[in-house]
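Take a look at this one; I'll ask things after.
We just call them A, B, C and D in the order they show up, numbering each chain from 1.
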Amino acid sequence: MKKSRVLRASALLIGLSLVGVACGGDDTSSDTTAAAGGDVTCDGLKIAFFGALTGDAGNLGQNIKKGVDLAVAEFNEANPGCQVGIEAYDSQGDPAQAPALADKAVADASVVGIVGPAFSGESKAVNGKFDEAGLPIVTPSATNPDLANQGWKIFHRALAGDDKQGPGIVQKITADGKAKVGVIDDNSEYGKGLADIVQAGLGAAAVEMNSLDPEGSDYSAIVTAAKDAGVDGIFFGGYYAAAGKLAKQLKDGGVDAQLYFADGVLDVGFIEAAGPAAEGSIIMCPCAPKDSNADFLAAFKAKFNEDPATYAAEAYDAATAFLDAIAAGKQDRASILEFLKTYDKAGVTKQIKWDEKGEVAGNAIYAYTIESGAIVGKPGLIG
Amino acid sequence: MLLEVRDLHVFYGRIEALKGISFGVNQGEIVTLIGANGAGKTTTMRTISGVRTVAQGSIFFEGRDITGIAPHERVKLGICQAPEGRGIFPGMTVRENLEMGTYVRGGKDSQKSADLEHVFHLFPRLKERIDQNGGTLSGGEQQMLAIGRALMSRPRLLLLDEPSMGLAPMLIAQIFQIVRSINEEGISVLLVEQNATQALRAANRAYVLETGYVVKSGSGSELLDDPAVRAAYLGG
Amino acid sequence: MNPVVRSLRQVGASLAGAKAGLASRWNAMGPTQRLSAYVLGVLALYLAPWWTEIPLLGSIVDTPGTQFTTVLSDRVIIFVLVALGLNVVVGLAGLLDLGYVGFYAVGAYTTAILTSSHASLPWLLALPVSIAVSMVFGVILGAPTLRLRGDYLAIVTLGFGEIIRLSAKNAEWLGGSRGINDIKHPPSIGPLKFGVVDPKPYYWLGLTMVFAVMFLLHRLENSRVGRAWVAIREDEDAAELMGVDTFRFKLWAFAIGAAVGGLAGVQYAGKVGFINPDNFPLLLSILFLAAVVLGGSGNMHGAILGGILVSYLPERLRNFQDKRVFVFGVALVLVMVFRPEGLLPKKVGTRKAVAAPGEGGAQ
Amino acid sequence: MRDWLLYRTFWDLTITGLALGSIYSLVALGYTLVYGVLRLINFAHSEIFMVGTFGALMASQEFLGIPMLEDGGYPYRTGFMLLVFLVFILLCAMVFSGLGAVALERVAYKSLRGNGDLFGAVVLAFLTGFVVSMVFVDDTLANVIVAAILTAPITMGYMSLFRRGKQSPRLAFLISAIGASTAIAEAMAIWGPEKREQYQTPRILEKDVLFSFLGADVRVDNVIVIVGALLMMVALTLFVNKSRLGRGVRAVAQDAETARILGVNVDMIILVTFALGGVMAGGAAMLFTLVYEQSRFNIGFILGVKSFTAAVLGGIGNLKGALLGGLVLGLVENYASAVFGGQWKDVVAFVVLLVVLMFRPTGLLGESLGRARV
């Protein structure tokens, strides 16, 4: 009697878990069916997206994933004999979650290249693993300068790092003739790093105004300080949500200084958050304006029925580099990594060619501004 | 019978505090429950007020089964208690404490002030302390306040739990005097006491509780003369 | 009775039956049999990285999208260690700590400072220092605040955890928001390589730490100290009246809890090699507390179960994507409504509930 | 250290600090009320505030149809219409938060007091059905349908599983609160109108400088927030002290058992307490959106922690303490931001809390609802 109960209970538990496995197991979009014909043949290769798809930073990851999706879809259409799959590793941008995902990617031999990791924090936590496993990565968005100096052979990025972006911003602010510039950051690795570079670059023209809490709501102490200092320009290193709140509160508080931001603010979310206070703000970005490549813009619109958002084009270039390697007959991580070393091609955003540290050759910094509630790319580029 | 308790069983966790007690209070009577600490007196009172759940048995009030109804419904029916340790709200003034007695009734202000006057007539000391916080009163005053508060609800049955506890002998006599005069106004009283002599003198009838059972009952004077009761509760 | 009620009852009955069956079989075993059962169980745990290879079991335990072994080494073992430590504070001594992540952070940061950013000691040397530093922090927080009661202590500990995180974020000396990387790994022993890619050695090391901590805490629980803690939890005033030096024992609970939390931090830092302040958010403190209470606060095995569930389930439920946190929240409410003492409640009556008079205070 | 900035901008900082502090105070009232009556940290109170900000959003955008932008400017209201709009949005936010708080108490707490009722069982049953069906289908509509079908039978099961008359340990309440808080915030992030994104509420009034005070500009919204919060607190104090239900709240806070003996329906009073706290949080939410014009699914978390800190700082369970604690916290944060920089303001705030509790272990004004005459 007792024995049968034990059996029944365990059978029930196992049954329940099996149902869970059967019904939820397959959530990746890998599709590796090989079809006959075409120029290139390959079997069961995948490139992976690594970054946040859900969670607070999910939007950015979704942009990147779309760029990868587009590149792979175009490749698969052109090469019926080589259908490349996509694996998505959703880290939620959290360095604590990233290692278990990275190990999974490393263990999956069919993954031959990674577009990502999307953020600098998670990059530090897992790039060492990819390096040891020889799994090549091209990040479309992690701009922390340190990343290129870790000696990782597998590291590449598809855009300029903050050590290029920072001076670009300084150049722009100086060119605009601002004499007293408040420098604010959000105390994040990205924002503070950039703000420090900008502050150092501006020298005597900079007024240090410390950090704000991006999750907080009230920035009146900073507004008061800006008013008191009588600044004619303000640079904020951080992301768009906080930038929007800050811009609005500065405007309401009667501060009329010219606002400068960096790539983390290049999102319509900034305009939504700031409202009319966003007008005239200047946003610098190492990313190309969306209309800089008409073909890409048209293809993206056709596939997703929307404009490409920040980093979608960089992700497209990153994925394209891997796909070109596959097209060249490279079928494993080592030869793809080797291929990237000599890669030199005009991407949709810039010339994609890496130096030995993995920094990309084309490192133009672009200036955007907000006009009538829309982001407008300025033709006068710096860089 | 005004209140009838039949075969009441009540538990505290796993401990059975009342093991099947039965008793009753007739209209106009003073009935007292006496017994040592832990005999179940206070449990009985709380169960009648409805703040302890009944495991078995039933409680009737004016012939109606009230075993399962909520405490505030019982107050509406006319059962009100001045709890053990007085249960004064320390952060409320004497007036506010008294007005808590009319909580269920709501009541018009004119009625309320008439009731207040009545209580002040019984307990003139409370009138002097009317704006003082309950927590600052002396023990005797707090006891008066607790009784006065219960009276504010215009009860038909007044439950008094240890009204003499911790009071000086002179005050005790005064309290019992007041209990009698309340009774004379037509309010029935169920009185729980450790001070058995005074209680038995005041009561029409009495029950002796021992570890969850009723072991003896009779009129107040009968039990006063009972040698066993004298030995156990009246100090020989 | 409707079918759902009936099947709920049946599941309950089968589970109870299974429990009773196991218990009776356990009781029927001789000492050698029991010992071999223990050994087999421990062995099975050390072999956990290969569970995914077993046909049926594998498909049940494997985590979709993440490496099962890394989940074990980076999440589960860490959470179990933390839950064991926090259980001393919350479950045994009854002190509500909402800032436990602070000690975890102190352990991790001390290791990071000593092996990477300000010195280059080997990990093995950083280990005892980090534990000691965490303990000191436990005393630093405990000494001024343990006189506060219940919920006041909760908010103060919460504040303490935040002060530690924000200080790490703002102090350049601690790496600021950039964090600290290149933290040394534990030394490789023979074939056991503590490298970057293979998580198995870290899991084994962590599991060994769990057993060691369990052994020490078990000894402590059944000692004079353990009885004093329980007395404090049950009724602090009574314990004080009986001569238990409540302050001293509360401080001990805090220090020991902090030490175990610090140990978890050391293990984490040594494994991942990179930490930054965002690894130690306030939310993690709350998750730790949820683990202890969910499993059964006051019961070591309950705390372990809670630690496993809170760290493993989100990974197992990855196919819920961004709904898993919602599921977790609902599950917390449901468990508390129907099992308010946790999944494995502390045993009542098997241990003396209060210390004998005078016992606790004796020097 | 930039103490010169503090001297130079002292009054500016004071006014904005008081405005922020008023919002802390209103939210702190909810913690304090519930703590006073139940001795429970209502961890999910922060989400009640969040729900209120969504109420304000719904009111202004959906019901009143105020657009976000008109030709790069805002469609301001003035005079009587402004007043009508403000009151309507306030009422909406209060209703959202108030109902949210009442539902929260009946689902997540009441059954833990050994008093589980049908409403709680139905909601829990629905959630169970919903979560279980999520294992099988990843489609919200299908989940809702399955959950709705399963609700009746599971409800019956849950009703029979409720531990009637058994009070749960205090920690269980805290964890249930944490679970409810997580579930509410995540539900808003998954199914809410703006998902996980920050969203804006439309601007209703022009944020003119009303007058200058010792060199500090005082804006209209600052004044509305400070005055509005004070009015709400006065109304609450009057209610608690003068009304019959309010007196019931105080009685239960001081001695629940005696209150029951005197005929106070304690469950009813607990519900009233949650409703009061919710209404205050709704008011805070409306004022918050008026000043900051934004919210997010997780907005409650930080604000909740701050407000709870404020409640403890002032003396939890004490209504005046909540007011004082909130204002002190708002000022301390602003001054600290000026002197040490925004990155240190939370550290300073918690250090102040620590120091205060060391010298006054029950907060600035001491504990308890009513004990010190509210």
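Here is the rule we go by: contacts are C-beta pairs under 8 Å (C-beta built on N, C-alpha and C of every residue); 3 or more make two chains touch, one makes a residue touch a chain.
Just so we're clear, the structure is a prediction, and the values are computed from it rather than from any experiment.
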{"item": "Central subunit by CA centre of mass proxy", "value": "D"}
{"item": "Identity of the chain that, by mean CA position, is farthest from chain B", "value": "A"}
{"item": "Distance from chain C to chain A - Cα centre to Cα centre, in angstrom", "value": "35"}
{"item": "Centroid distance [mean C-alpha coordinates] between chain C and chain B, Å", "value": "52"}
{"item": "For chain C paired with chain D, centre-to-centre distance based on mean C-alpha positions, whole Å", "value": "32"}
{"item": "Geometric centre distance via CA averages, chain D-chain B, whole Å", "value": "42"}
{"item": "Touching two or more other chains - residues of chain D", "value": "138, 196, 343, 346"}
{"item": "Two or more partner chains touched - positions in chain C", "value": "169-170, 319-320, 322"}
{"item": "Which pairs of chains touch, using the document's own definition", "value": "A-C, A-D, B-D, C-D"}
{"item": "Chain D partner contacts - residues on chain A that touch it in the complex", "value": "19-20, 23-24, 55-56, 58-59, 187, 209-213, 215-222, 224-225, 227-228, 241, 244-245, 248-249, 252-254, 269, 272-273, 275-276, 279, 372-373"}
{"item": "Touch list for chain B against partner chain D, complex", "value": "46, 49-51, 53, 70-72, 74-76, 80-81, 83, 87-92, 96, 99-101, 103-104, 106, 133, 135, 149-150, 153"}
{"item": "Residue numbers on chain D that touch chain B, as the complex places them", "value": "165, 244, 247-248, 250-251, 254-255, 257-265, 368-374"}
{"item": "Residue ranges of chain A touching chain C (in the complex, touch as defined)", "value": "2-3, 5-6, 8-10, 12, 14, 17-18, 21, 24-25, 27-28, 53-55, 58, 89-90, 94-96, 99-104, 106-107, 121, 124-125, 128-129, 131-133, 146, 150, 187-189, 192-193, 211"}
{"item": "Touching residues (chain side chain C, partner chain D) in the complex", "value": "2-5, 8, 90, 96, 144-145, 147-152, 154-156, 158-160, 162-163, 166-167, 169-170, 282-283, 286, 289-290, 293-294, 297, 319-320, 322-323, 325-334, 336-338, 340-341"}
